[in-house]
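Written below as structure tokens is the structure these notes are about.
We call the chains A, B, C and D, going by the order they appear; numbering starts again at 1 in every chain.
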Amino acid sequence: MKFTSRPAAAIMSLSLAAAVLAGCTEQAGGEDTAAGSSSCESKDVRLVGQVRNESNPYEASWLAGGDAFAQSVGLKQERLTYDGDSTKQQEQISQILAGNTKCLVMNVLPNGDADTPPIVKGADQAGAYLVTQWNKPADLKPADHKTWLSHITYNGIESGQQIGDALSEAIGGNGGIIALQGVLDTAAAKDRFAGLEASLKKNTGVKLLDQQTANFSRAEALTVTKTLLTKHGDNVKGIWAANDDMALGALEALQQAGKAGKVAVVGIDAVPDAVSAVQGGTMTATVSSDGTWQGGIGLAIGYCVATGKLKVEDIAADNRAFFAKQFLITKSNAAEFAAPKTNPSDFECANVFNRVAGPLT
Amino acid sequence: MSVPALEVRGLVKHYPGVKALDGVDLVVRQHEVLGLAGENGAGKSTLLKALVGLVTPDAGEIYVRGEPVRLRSVVEAAGHGIGMVFQEQSLVPNLTAAENIVLGSEGAAVRRGLYRWDTMRRLAQEQLDKIGSHIDPLARTDSLSFADRQMVEIAKVLRIEQRSQHPPVVILDEPTSVLESKEIETLFAQIRRLREFASVIFVSHRLDEVLDVCDRVAVLRGGQSVGEVTTEGAVPRELHRMMIGSTGSDDHYHENAAVAVSSEQPRLSVRGLSGATFKDIDLDVAAGEIVGIVGVHGSGREDVCRALFGAEPTTAGEVRMDGKRIDLTSTRAACAAGIGYVPAERKTEGMVGPMSVADNMTLTKQKARCTGPFVAPGKQAGLVDRWIERLSIRTPGRDTAIGRLSGGNQQKVVLARWLVGGDIRLLLLDHPTRGLDIGARSEVYRLMRELAATGVATVLLADSLEEAIGMADRILVMTDGRVATEVACPNGGKPSPLDLVKEMV
Amino acid sequence: MSTPVAMKPAAEPATAKSTARPAARLTGFMPLIALVVLVAALTVADPDFLTQRSLTAASRTAAPLIVLAAGATLVVLCGGIDLSIAALASLSTVLLALWLPDLGGLATPVVILAAATIGAVQGVAHVLLRIPSFIVTLGGMSVLSAVALVVSGAGTVRVVDDTPVAWLDLYLGGYVPMSAAMALLVVALIALVLKVTPLQSWVSATGYSESAARLAGTPVDLVKIGAFCVSGACAGFAAVMLVSRQFSGGPTMADNLLLPAVAAIVVGGTAITGGHGSVWRSLAGALVVTLLRVGLPIVGVPSAYEQILYGAIIVVAVALTLDGSKVSIIK
Amino acid sequence: MTNEVVAAPRRSSRRGASFRDAGPPVALVVIFAVFAALSPQFRSVENVQNIVDAAAVLAVVTCGITFVLMMGSIDLSAAGVMGASALTVSLLVANNRNDNDFGLLGILVAVLLGCAFGCLSGLALVLLKVPSFMATLGVSAVGLGVATLMFAGVQPNITDAMLESWAVERFLGFSYLTWIAVACIVVGWLIQRYTRLGRYAFAIGGAEEVLTLSGVKVKPYKVAVFTLAGAFYGLGGVMVTSQLGAGLVQAGDGYDFSAITAAVVGGTLLTGGRGGILHSAVGVVLVMVLTNGLVQVGVSPYWQGGVEGLIVVAAVAAAVIPQRRRNQVVK
């Protein structure tokens, strides 16, 4: 097959080279749709929710929350998933931003800290309203940007510490534990582990025997836990996992090693399985992070700003990057969290910052 | 006379642009060995393929024992008792001999998809016994010698008896082309044994063999039957005439074009060359000289040839070209030293089938078609067209894929590859005429003579002893990896094949 | 001439498909047709898709994949396969991100050179140790990933000052993304170099029949090493593009591009067995794959159906573009 | 000329073949000995149990892939098929999503689903003439899509006592899953040795065209081999579900390349026609010993993949070097 004859190829490459040499280059985009200048009709707003995949419960509930909010305002959420692939996430974002961005609202879960800057930059240029959650580099602040409305996260240090404390209490303040880390390149994983370290400082009787990453994955947690259990044997009294999926994987490993019930396990996220495990007593504690709410709230903030019901300038600086409220779930209060509950009133423009626990530190 | 085992009437097969079969008639009687002769392109292959159901004829009838049949697949052909031993061996190398023998007609050896190894072994043993072979049926096929594999192949074909109640018709397509004379004799003995209970169609381009083993020979030319000969008392020349439509040239090997060889410094001088399969080879070839190397399968002559081209590692010895020592560490080095090699396996090693005639011709001597580092299309076109004309290569054009040419023309392109650079000093020819018909052979011989006349030294591993004797000025006989003896072979004083065979065993 | 025999021009028609000329030409253009059909389908699904900005974004997205696929196409043409390209590109993003602060603009050529060297090393291992390229590059893939993890400390390396690679984020004439133009340039350059030098016939000969090529004195080993080297260099360049786009380098950043790159090559119609194909085909293939990767979710195909469609379309596209007459046995 | 020569009875050189096949087991013993010497934890009984238990799923998947590799094809569909089968089984046995409680029947359906996907790969190869590399890649994507559809946002947790017990209960010190894997290996070996399907798969890898010439219809066998492989992947998905207690879309992540690695390390050639189930079993154990041993002796997790990659290359190089020839074709 020949797409081009040799002369054609030569001409093409020559003209390309000429174009480069002539330096007729410029920045593209960014020239249209100055954000916030005019408010949009409700029906013109385009709601986009982007998470890693639809095949884990937490992110599935996120998308469900987004759908619920979109329905409440008579719109439809465009659901995007990028399979935990940073490249694919950027590709999707840039494709979305290449479409009509006039009233575009994006509620994005960046794959890692480093994936946030290009998303922010793209949204800035296109004038799309953006709410990010969980991951961002510390030096990048929504307050410095016009259409990056807010960054929402949970205080990982706090939750890491809370479950750390709960774990040491469960093992009687004395003994060895192992830690399962999340994807190392995420603020969530780092903060939560920092919380564990803080907790360890406080509970001096507890010793961290080993820590390995299981990448937030249930299957990886299973194998890692099995190996660590053979390595450390009965010294393991407790397992600290940076999320519930890994905690559930660890539970399976314990069961297969015949140690179910003998080793305390804690996690974070309060996915339904974990909550019922806490309720049933096989797991010690977890911390609520409400995926359904997260999926809705990002879109709600963007929607309010896009329709002019909320002015960017009016958002308090503390609300541009904040920790959302979270709760430690133990056997005593697990029943309350057994059924996920979204309160439609949470998404009203006056209430969107109701769950702010404090500014990002 | 009883009903013919197989009869073909008016078979026609068209290919785009070619009429491969143009009304062929053929009769195979029961218990006879029928030779099938014809030049390449005469329609032999197509006819055979039609007989085993690989080709569906456009018109004509095939009768098996008087009954008209339609053969749409190998299985159907086998059902009628027709089976074929293919030109390239068709055995699965990583299965046992037994499995190969029963392949496709396992019968009792496989029940509901399950193997019964004992039954299989027994069935295979029966087949091997029929042809008097002593191979272990459970040996892996790739651990057998070439000749043994040929036996397995024949044993396999005879399995068609299992699919048909009648005496089988066995087709042997060029079974001898890669066998050495000893193995050929064994094969012929088996063929004569086959005649006791089967009919055989035997195809070979070696007419002496055809006359030797067959009862009758049918000749094809241009897709038509042109007659048949009873072998008793027939001579090859008679067959030649029928095949090509006129008397063949008396001077088949162009012996009168042979040049006198100067005996000064040899062009190629090999001393003590040793490798895995050969040892202490001494060899001198003068400019313009053609040296033949003969030997049975396993004598190591092919490996010597490849070693001289840097395609086979050597452990000791030195090679000089025109007195200058050269290191044959790679085929590149050999090319650079002015050595050219025409491999025996043309289709897999000699040419790159899907590439064009021009690309194949200029593959080695890239300089000849380039200006600086770049290919000069004009230069290439001129060069290639010149050689196409000079060697009378029949091709629709220089951009035609070489795989579409006939064998003879392919071989000429392969030869031309070494000539386009104009710097060839030594040619290593490994069975350069294998699978070529008489006309094409003759042209290759003429070309060899012409090259010799320009001073190119040639090492020839001939297809047959006759060819070696006809072409060579000198013949080395190799046995077991060593040079056993050297036989002078001047015009007018040629040795007889028997003289050579004595030395070979 | 000593023989009066009139030989038939083609005694045994090699393929018996010589009449299939128009059809063959059609298969030749199949990658392009597939591309057009896909764009049309996406446009029907979402009319907004066929806008200049959207196509610009798509071409920018496709750039790294095009470069990766173009490099690997050479290896495939030689009859091998390079599974290490994605891991090598990931490693290169890390190296680039690490070196940018110190080397500035020089970091780009240095990284490309390093990647080319790594590619060449794999080529040498393949050629000298006689290990199938699948295995060499599979091993290379894990080794390079490990190195990337260690070098980066298993985290993403952010590029604070991206000016040395920012030029790739510019737009030619305001419309054509520089990265896409560069990708096109890479493809054109490879195609041109192949075309005007003996390399084309060396590469094809090696791919179609390595032993025949070797016995014709073709520098088979060098050609193969060269192919791996170019493949590595392309992986390095793709990494530069990724860094300019993401402002960071990560040890797994490009890993997910491996299968799309191979898919691009095959969808383009290049025979995975070697010999037959071209980098232009891979360009078309890369565009098809990119549209599938990015286009399907954008026009609103739910994630589950997106995967099903992706799988089905890739298979169908390969079925359409593969020239069956050139390959006898398909494994 | 010469008299008829009676060919001397030839014993097969099967001894040579077995010497060639001895490489991987020897390597296994050596590597095991080295780790055992380095780490006391490694040589503990629990750890050996752990290694063998951890090998169970990979062994089953590798059984399937071995048949495909023996044919000279390749299969990358394991990840998708396992995901789909994991979701299927978790929704059919007693679980928290619905009231199904089909028990063994559910497992059977999941395995049959695996068969169906395998069959799909085979049909794409045979009917559409898509190279298996791409066909299975496409089927894998379809499998993942189907799995995601079934997942529907809520993790199905199994409560089926029998399926849960597979991973927990032990017999003679090994979990039921391990015994299932052993059974699979035995069944696989019987298929390979005593059925037409197995022998033909082997023969297709050796010389496919010969089978056709012998009147064997190759295509149905190819489809059947992929179907068989799919069944093993389906079972693998069920086993992962049993291990995790839940149906995960990602159940088969990484098993495709791991299984190929294990098969290749065990001595199965990617070109087909050599190797077999027992080879692969050795390869699986070798890979698992390596993975576990590296953790036990404290090699950084980042390097583990790299070391594995190097060892794979070394293993193949060691197997290849004794048979090297100057003009050998290595793709």
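Please note the rule applied: contacts are C-beta pairs under 8 Å (C-beta built on N, C-alpha and C of every residue); 3 or more make two chains touch, one makes a residue touch a chain.
Keep in mind it's a predicted model, so treat the numbers as computed, not measured.
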{"item": "Chain labels contacting subunit A and also subunit D", "value": "C"}
{"item": "Which of B-D and A-C has more C-beta contact pairs", "value": "A-C"}
{"item": "Farthest-lying chain, centroid of Cα atoms versus that of subunit B", "value": "A"}
{"item": "Euclidean distance of C-alpha centroids - subunit A vs subunit C, Å", "value": "33"}
{"item": "Between subunit B and subunit D, centroid-to-centroid distance (C-alpha), Å", "value": "43"}
{"item": "Chain centre separation (subunit C, subunit D; CA means) in Å", "value": "29"}
{"item": "Geometric centre distance via CA averages, subunit B-subunit A, whole Å", "value": "70"}
{"item": "Where subunit A touches two or more other chains at once, by residue number", "value": "53-54, 213"}
{"item": "Multi-partner residues of subunit B (at least 2 other chains)", "value": "311"}
{"item": "Contacts with 2+ other chains: residues of subunit C", "value": "154, 195-196, 211, 214-215, 303-304"}
{"item": "Pairs of chains found to touch, sorted by chain label", "value": "A-C, A-D, B-C, B-D, C-D"}
{"item": "Partner subunit C, residues of subunit A touching it in the complex", "value": "1-4, 6, 9-10, 12-13, 16-17, 19-20, 24-29, 53-54, 78-81, 83, 85-88, 90-92, 94-100, 112-115, 117-118, 121, 137, 184-185, 213"}
{"item": "Touching residues (chain side subunit D, partner subunit B) in the complex", "value": "1-14, 16-17, 193-197, 199, 202-203, 205-207, 209-216, 273-274, 326-327"}
{"item": "Subunit C - residues contacting subunit B, complex", "value": "1-5, 7-16, 18-19, 195-198, 200-202, 204-205, 208-209, 211-219, 275-276, 326"}
{"item": "Residue numbers on subunit B that touch subunit C, as the complex places them", "value": "15-18, 20, 39-41, 45-46, 222, 244-246, 249, 251, 254, 309, 311, 331-332, 334-335, 341, 343, 348-355, 359, 362-364, 366, 369-370, 373-375, 392, 394-396, 401, 403-409, 417, 437-440, 442-443, 446"}
{"item": "Subunit D contact footprint on subunit A (complex, rising order)", "value": "53-57, 60-61, 63-64, 212-213, 217-219, 222-223, 226-227, 230-231, 233, 248-249, 251-252, 255-256, 258, 271-273"}
